[in-house]
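Both complexes shown next keep subunit A, but they swap its partner, so subunit B is in the first and subunit C is in the second.
Take a look at the complex of A and B:
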């Protein structure tokens, strides 16, 4: 269930920090940042050109009320969950979790960057894995490769990418880590019904909790 | 007592314990002491510092009439309790730390090590013969009352702590009430667990304890209009509002004259003066006091404050030179506290602290965290201007994290302006004005007179010292103190600076400071009562005397004394004020005609050692290097080098000196004349980050010794023959290396041409 972006912006007027404290998981920790920059200095992706703002800067922007910029930023999505910042933060902020919390909130508001690769991959991976409880590696690769930058099906691009990666694929097949036959249906976990009802229940619980917060 | 006895008997004791016997030829050392040292009695002992060895010496003193003893064993810094014979002049030959522990135990080193030991025996014998037993300063002071100037937190703490220790205190406060700045606070930064909320200032409690204490006499609306005398016998004139003056006899003084806030009127760009809603930290305390836990209202129209911005470092840490250069250290914690005043009364008030670095000493980090939890926003930013806009204020600042110019709206702005010490006039400026006021030009004179009057009016102590009415300043107008090792010590003996007059500090630090100063003041009055020196030669009974018939009235001693202990008598001869003296010997080093001496430390005691050292001729290839080492840092460092078995050259001979300032150039010329190849001077760091125990001693010594270049030139010697090096007590590893490097340098230069003359 998504929440309405405009509605939230109006409700919290110019207090974006308060909004995240209420709505984003672990958002209540943001105010405790003391701007030392250890997180930024510890981040392995720090020098990646696609990275807009390190965590320290994101937190400062939250305080400065730069709502749109934070929520549409790709920064939270660049996190590799290595937990370096989490471990090093002298104020013991769960930075990795805060980043995920903000990312998730942006996703729920529907303002997160559409084709941000991490987010895109996350979605494909989840849909794939949630189907049978096992990841179908071949279908995952197909879903990932045969799409262009706009997210449209792209046969030629897919073939090109697949050829580029063929030596890796052959290596995986030889090592027994990839079964080409999965193109026609993969393996599953045992209790398919149980899996689906478990996922349904989890979704229900999550939505009730978030609905309570958003109310 | 024995010093006054006509009959002198010199004895030498040579210890063979601690491997001395195995490493050295002790029988030859005994012979050296007898033949060359001309000791009437020489004894060898296998364990001299044992009860038996000490009893042997004591027996000689009691029954054999020994008045002077050269103890050749370990360093003078070791076994001081065992070798403590108060009626006998004692010198120490450092054979252990100074010889066997810094030399390798090898066959080829044996000869030079033995020569080293023999020289130290000769030196100890020569030194003790030039000494007498100090008899103590006859001008003892009788008063054990402490004068505390300033009735703020520091002054009140000093008074209470001293009273608790059983000493009488006279407390002088210039305003009509005790409490100082602290009394004007609504609450204070927390001092105990969990450091989460502001707490009561505690001032009322202190004031009532002072009122109830029979040991403390309080003068309100009073100033110290004259302070004369010396430690143990100061006379302080205390003038009260009505103009009447009381003279109190006091033994020591604690100056706790505090600070004022930096004048916010100098910060018009931050809106101070332009809007009544821009206040300094004291202004906010007044508003909080008026609100008394309720909503704080802004001064302009009494509207409840809904948003407040705190501007840190307002007029502080200013590199332009226009405002305060330094950080006052306490203001960040105060802003955290003041932001909490708002949040505690109403969590919906927007509170923003704009800072460049939050500096939160003590347990301030916990307090800061608590403020963040309460919703105080801390933003890293530099404020450029504060301007009125509509019904409020706009704070323009540069966000340092986001690197952009931005602004914040506020009902009220608080400027953290920092502290300026109430430290009396700058003595250098005062002296310059006094000199100018003697001008013949009427205009210059009139202006200078005005300046003198203005500066004198700022005086806190009004000392009748020739060096000026107050404690000298050190940096940024704060009173001088030995900031590293002995924070409260000033350059005026038995006058201690405590609290924010010494350096910027908060209340917790001020209380510690004030307690420390009270303890030092008590030590000072007790030592003064016994005729003993105060720190750092605490307990020393010697004091300087001058052979006035030789004095040329050059005034070098009176000017150079770092402690203002030397006045001039009516015939313009130096008049020593023994109680103010710290026994550094700077006067002795300064005296060009060498008439100043201490009973146990003089031009002779060191000069005789220099002459006692055997200097081999140029063909023996055994250079000699004299080291004059400060006894406070360099000598212990050398001892510790020995303890850690860091070898150094066998050609050095070390003589400890009280301070580099006490080094008389005659020792240098004598040593060079007798063929020494080089001289190393080891003193403490000087200048702004000085570590000299006598504050200015090493600096004055260095300045004086920098002039020996001419002497060297006159003798046809290279300037490198005298080498000055700064030594800290921690230079245990590097110091032997420096000695060896210098020895190698001298070897490359070749022997001194003065040998053999």
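Take a look at the complex of A and C:
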């Protein structure tokens, strides 16, 4: 599901808040933020270096119309889905979901940071789960380690990462919690046809609804 | 007839050969003692997990959860859905709320479900196993079957994020939930003072940005040692895996000497209820819980 970035920027001109209200999941909540900063202080990744903006800043930037800065920011991709901001927000904004919604929109527009590892992993995870209806943990790890951030197969990089994780993998295999045979197919849903057409239909409906809002 | 019956949603990581398969084994053992009947939702699918947001979009994620709910309703009418995984529980319960609160989302989800020949009429309750134990059984009932009290063993009750926020166990606080400590105590164990009981383990970032997750896990493990714990206990499969598996990498990076077992509450219960180490799936722990193994072997 991709949307044209330039088209959307033109369509919503100077109203980035409206754009996110229409196009991003839970975007309609952004205007409720009162800038108290509790979310910023509650975020576990806030205490690591390299974070562009906490949610509070992102929300103000949205209202200020700083479209490109927000959409290309790494901020939303720092979310661990811990829901600390969500439960502490005095105005009950579903902050976790808003951050996910903006991230997903930036991803669909194709303007989210290209080498962002969590964007990459999120994509791998969804494609893995949606492929058969159940996660194949071995393939998840292989795709994570043996593909570079652009999705290209990277043998040497993969071997290096796999060696770093060797002891973890051996421990898991010994404990019966990692089955290398899943390389050749793992668990899956029986009703593949129903599952796939359901997902396809859901994607179509969502695209149509969002396109209607932009019309 | 069983004491209680539920529609069971085990989730991907509980499957045979997957990262929390030992959780499932110990849950089955625990349920046998408590006479709980878990009937798996036929052909259930992945909940999409939290990290599914990046690629999934809202409606495809709702369709995934909607499919599980519709299957539960169709095949196991009248039963509450019970998940053992925190993310499965959160994702499914969240979907229930969104669908019940939005006619538009419900209509679109129904259209998507029709493609799989399914339909939702009444969405069942969606509950976590810990919730079921505490609300449907209660601490006294959970103490009753104890034949090997965990006397003298000290546990850091690591509740983590998604079993606690945004839903949590009824009546518990987000900042200092007590249910896991109470559960440990009702099995005869000691729940130590534990500052990091609701700190995030990094979740999916343990895969994508390990250095960030490792810094968080370091705090979680360190605090368990500070409290004098012998073991960490948790209700969440990702908490368990992250906190157990990366202790080696953290030792390398920070010069620490972490080597503390990380158990599921269900493993503690299975041992306390007199089951064998194998039935409690203690062989599924990468850092072996030797004290529990010894107790189970007695």
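Criterion: the second predicted complex is superposed on the first by the 209 of 215 C-alpha atoms of A that agree within 3 Å, B and C clash if a C-alpha of one lies under 4 Å from a C-alpha of the other, contacts with A are read in each partner's own complex, and residues count from 1 in each chain.
In the analysis below, a contact is a pair of C-beta atoms (placed from the backbone, for glycine too) under 8 Å apart; a residue touches a chain by one contact, two chains touch by 3 or more.
Just so we're clear, the structure is a prediction, and the values are computed from it rather than from any experiment.
A.B. asks: Will subunit C clash with subunit B on subunit A after the two structures are superposed, or do they fit?
C.D. replies: Aligned through their shared chain, the two binders fit side by side on subunit A.
A.B. asks: Under the stated touch criterion, which partner chain does A:163 make contact with: subunit B (first), subunit C (second), both, or neither?
C.D. replies: A:163 contacts neither subunit B nor subunit C.
A.B. asks: Determine, under the contact definition given at the top, whether A:211 touches first (subunit B), second (subunit C), both, or neither.
C.D. replies: neither
A.B. asks: In the superposed arrangement, does subunit B or subunit C reach more residues of subunit A?
C.D. replies: Per-residue touch count on subunit A favours C.
A.B. asks: Go through the superposed model and pick first if A:36 touches only subunit B, second if only subunit C, both, or neither.
C.D. replies: Touch status of A:36: no partner.
A.B. asks: Based on the superposed arrangement, let me know which partner A:115 touches: subunit B (first), subunit C (second), both, or neither?
C.D. replies: In the superposition, A:115 contacts neither subunit B nor subunit C.
A.B. asks: Look at A:63 in the shared chain and tell me whether it touches subunit B only, subunit C only, both, or neither; answer first, second, both or neither.
C.D. replies: In the superposition, A:63 contacts subunit B only.
A.B. asks: Contact-wise, after the overlay, does A:190 reach subunit B, subunit C, both or neither (first, second, both, neither)?
C.D. replies: In the superposition, A:190 contacts subunit C only.
A.B. asks: What angle, in steps of 10 degrees, lies at subunit A between subunit B and subunit C when each chain is taken as its C-alpha centre?
C.D. replies: Once the two structures are overlaid, it is 80 degrees.
A.B. asks: Between subunit B and subunit C, what is the tightest CA to CA spacing in Å in the combined model?
C.D. replies: Between subunit B and subunit C, the minimum C-alpha distance equals 20 Å.
A.B. asks: Would you tell me which residues of subunit A are touching subunit B in their complex?
C.D. replies: These residues of subunit A touch subunit B: 17, 31-32, 34-35, 56-57, 60-61, 63-64, 91.
A.B. asks: List the residues on subunit A that touch subunit C in their complex, please.
C.D. replies: Against subunit C, the touching part of subunit A is residues 1, 25, 44-45, 47-48, 78, 80-84, 86-88, 94, 96, 100-101, 103-104, 107-108, 117-123, 125-127, 129-130, 133-135, 137, 140, 144, 167-168, 171-172, 174-179, 181-182, 186-187, 189-191, 194-195, 197-203, 205-206, 209.
A.B. asks: Could you pull out which subunit B residues touch subunit A in their complex?
C.D. replies: Interface residues on the subunit B side: 358, 368-369, 372-373, 375, 377-380, 399, 401-402, 406.
A.B. asks: For subunit C, which residues are in contact with subunit A within the complex?
C.D. replies: 12-13, 15-22, 43-46, 48-60, 62-64, 67, 104, 108-109, 111-118, 161-162, 165-166, 174, 199-200, 202-205, 207-209, 212-213, 215-216, 245-246, 248-249, 283-286
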